[in-house]
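Think of it as A, B, C and D in the order they're written, each chain with its own count starting at 1.
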């Protein structure tokens, strides 16, 4: 079975890769494009560590086939900072100590970014439900939720 | 003489002795003397036990000094998660 | 005599700088276990037992080896047999016969998921095809899962040579009870005779998994010359090195182990599973071999902690003074002996100042994966039972649960049931803080209740090496060897900065590999900030001493005539002459010309660890229509000794509390009658998600540890000890029903409420 | 495994008529099953290239929702959440935010799980599936599609293109609730959808009650509807509904819940869902 030739955009860059039908987008990002920021925690869409945006939509990249990315715009954690400038969410995560081991952090940040794009002023409950698909075993979520709320406030200019 | 207390299952190697007085200036000396007194205990002393000297727990500390009036407990090693 | 810490003023310690490894972790750059790639690497996969208990009659790997792209297969034959002896290494005492039989089944498979063979192939697809092509002939044997079933006469025996130790006279027949332990203080029978009220209860807890989000992963590369490199996610790479060397029969010095960033461990990454297999496959193929567990493998084949049965009996006077306490604790060890029953017994009554205590424990094997350490191993299980009984006593006496505890709380001078007397400890301070908290005084709504429980962990020190090098420009590089899971590097840099009176951002830390630094015991037992911190302080002080020595030489004055104050090296007084003070940077610039680089090195066996007590308050609301328990408010209070970086201390309290909430409400290993795990995934092994929880409030108590330069106690373990009993007590008040079994999942809660007429 | 992305219904049915073919819509179940080696299809047919599977259209007779429209897209539709809030809620309880970005009504139904969250809500709403196949197109009410776990009333080559949801009655309301041990991320232990319509006086004129995860397939509970029709949906009617819901359950004991628990909770949920649907019907 010949591999698929996929042409897509990742973090604004045009990229091409070859993949087999079974390979997930997560496999392609990590193995073909060496973008290791998205993590494989479960392979079943239950942990959110592999979260990426496809055409602005938050998805688990382990539940998307690599071939499905054809012609799409994919955004990963590697595209979140602009040059030396961290995204406000990234900065607030550091200030609030919203990570311990950090394995869930790329997925949480991508998910939080998608939330704030849709809802710039979320309540604590809205943040918690939006992030329910991003498991974190270290922090108990407290500091994550605070960091997201604080970043939202800063981004609103509040 | 340090007052030595053997905790937990160690009594099975000492013929049910759980408390005794031992002249020892360091943990190493204490272990050696206990091993001589209770040969069945010796391998367990080598395989890793903790000692508490006057309440403070020491692990892997053969050179730790023991005071003449010290109370020394010998207990299982503690690890963690 | 112990020297009490003076309350020093700190410049850096106690502040909240951004962690030095932070940017890499928010940008996706940080490299974890599965993130390294090597040229020519192969994919390694493990064939695992589909049976809970079976004899391996034969393994035929020929068809697998014949597949194009399959490079090697290993089975138990590739690992030398080990004698059954208990050797101090890594996590306490290990038995290498058990360890080698666990990483690769020998005569029998002892649990579903037990490794039987491993393959290395060009890619994952081929590796999986190779697993399918390996033919294993099993003779299926009867299995036993539950610990109380496993100790019954006639239960299937896992190890024909297992004779219970700790029993006199020694039994003559094999059983599944590996060990009996006993801790006695005073005379429990006499104490019960003095009691006005005796409460006796039996509790049951289920096996729960550490649930780190990063699966086990490693990349091994063995060379023709007998040396090897291993990249691995682990809590202790020196321990991994020792285990692998032993299991493979290789020299320790030829194996270089590098710890990747670690995506959570909680005790579960203190042992080896894939590592010796990857090294063996790499040696056979002379190519790098990468192995990563699937989530299903993590659940089925890596260590959960024990489930168990805890019987507790406590006697109390009418005024609340506890006169006697007894417990019997039976814990699952998994397929090989070594449950945390000993610390479970020792923790059981550690919260209390008691005269008469008897605790008996049993270590029981059954057809489950071998347990691994999980945060305060054993402590949460026994404490759940004891603290639940204390709560019931408070209710029966009509006493406030805090007052009852204050009346009996362990304090400086209390003799623990396991022997020694406590030094200064902070339980009373935690209880007082709970009593004074807004939370304790806040009103409750309908169907809501509030519970409280206390917890304890010993904390440990141990072998630690740190190197601190002063660079040519005055910056510093810190090398530690205890993997950083939750902000360790930040805390170590802060302690170095405190000693050197410099900006913490000038110190860049790394976790060094096993060939770059002397031995380090693992990150676990709440030891890394304590022990590596102690070594860091020593290394920093060595830098100061060396720098002062260089200044003395430059100034042609004796070393004693030089001091280090406010970050500057100065002549120590008028008599020392007038010399312009020098900074460490100034010294760094001339170090090369005055004797060479300045490096502080501390190789210590850290002693003086001190226990940390904590008290948690939980509010819950119970839905009488469904039995669902929701945690509505939560406060974790704990003695840190001294919080180096308070944010990461709070983070430990919060994270531990939430793991405990999961343990209390929904997490459990569920087995079918076939002995197979039914919920080996995050879908049905239900760890708490963000929307399940309220904010977790924290109160940091600081009763300094007199044996640490800054007063540090370990803090990572204790936070998981109180939650189950705190939530149990809270659910009792919210639902009107007292529960004796974890998890308090909706079907159980609804059933009990219906039976009590409360639903 | 082959991956195909046809752009016409005909091309899709031709591919699906072959051996070992599976439909790929959102993939949130299919890819998990392939990854865990439960399924090993020869070909996956991505139906998202077919325009009609990805669109929501509205006319006087109601909505036509493409089978591959995601839960997130249902939620973002300008009027669907107002007309059929229960349906949208059901679809948006499938997995996480991430999963809602992919999971579809068609996939949720055709995965063949009795616990699928969107299915009781669709049944309550009276949804009818439009099925394309080698012999042309046919329609089937949603409650008739799933026969047993993993077993559907679809024949070789057939797939669901879209669902027809009727126009909301003048005083109509629907709701869906499920019970799970956590707040998110679990499979329903019990799911319940109710849709009802009132006359101007507030008497229930029509009702549909559906339960999920309490039998081998999602259930349309006729007796539940009977308990409500002709009443003001008062406490007496709700008590009858509770009894009817419990009586309809034929659950199993499994890792997610016991028989007894599922029956009890089905009764509790049916009452709660009916109350929400009633509130909604009164407001429009």
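Note that in this section a residue touches a chain if its C-beta (ideal position, glycine included) is under 8 Å from a C-beta of that chain, and two chains touch if they have at least 3 such contacts.
Just so it is clear, the model here is predicted, and its values are computed rather than measured.
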- Query: Most C-beta contact pairs, which chains?
  - Reply: A-C
- Note: chain C sits from chain A at a C-alpha centroid distance in Å of 29
- Distance between the centres, which are taken as Cα means, of chain B and chain A, whole angstrom: 54
- Would you mind pulling out the distance in Å between where the CA atoms of chain C average out and where those of chain D do? 44
- Query: Hey, what residues on chain B touch two or more of the other chains?
  - Reply: none
- Where chain C touches two or more other chains at once, the residues are 210, 266, 682-683, 688-689, 691-692
- Task: Provide the list of chain A residues touching at least two other chains, using ranges where the numbers run on.
- Result: 20, 22, 43-44, 46, 129, 131-134
- Query: If you go through all the chains, which pairs of them touch?
  - Reply: A-C, A-D, B-C, C-D
- Item | For the chain A and chain C complex, residues of the former touching the latter | 20, 22, 30, 34-44, 46-47, 49, 76-78, 80-81, 86, 90, 93-97, 99-106, 109, 124-125, 127-129, 131-146
- Query: If you look only at chain A, which of its residues touch chain D in the complex?
  - Reply: 1, 4, 20-22, 24, 43-46, 48, 51, 54, 57-60, 62-65, 67-68, 111, 114-115, 129-134
- Interfacial residue positions of chain C with respect to chain B in the complex: 2, 86-88, 91-93, 165-166, 168, 179-183, 210, 266-268, 270, 305, 342-343, 345-346, 373-377, 418-423, 457-463, 524-527, 605, 607-609, 707, 714, 716-717
- Note on the structure: As the complex stands, chain C meets chain D at residues 128, 296, 625-628, 665-666, 670, 678-679, 682-684, 686, 688-689, 691-692, 745-747, 750-751, 754, 759
- Query: What residues on chain B touch chain C, complex-wise?
  - Reply: 5, 7-9, 12, 47-48, 52, 54-61, 64, 71, 73, 75-81
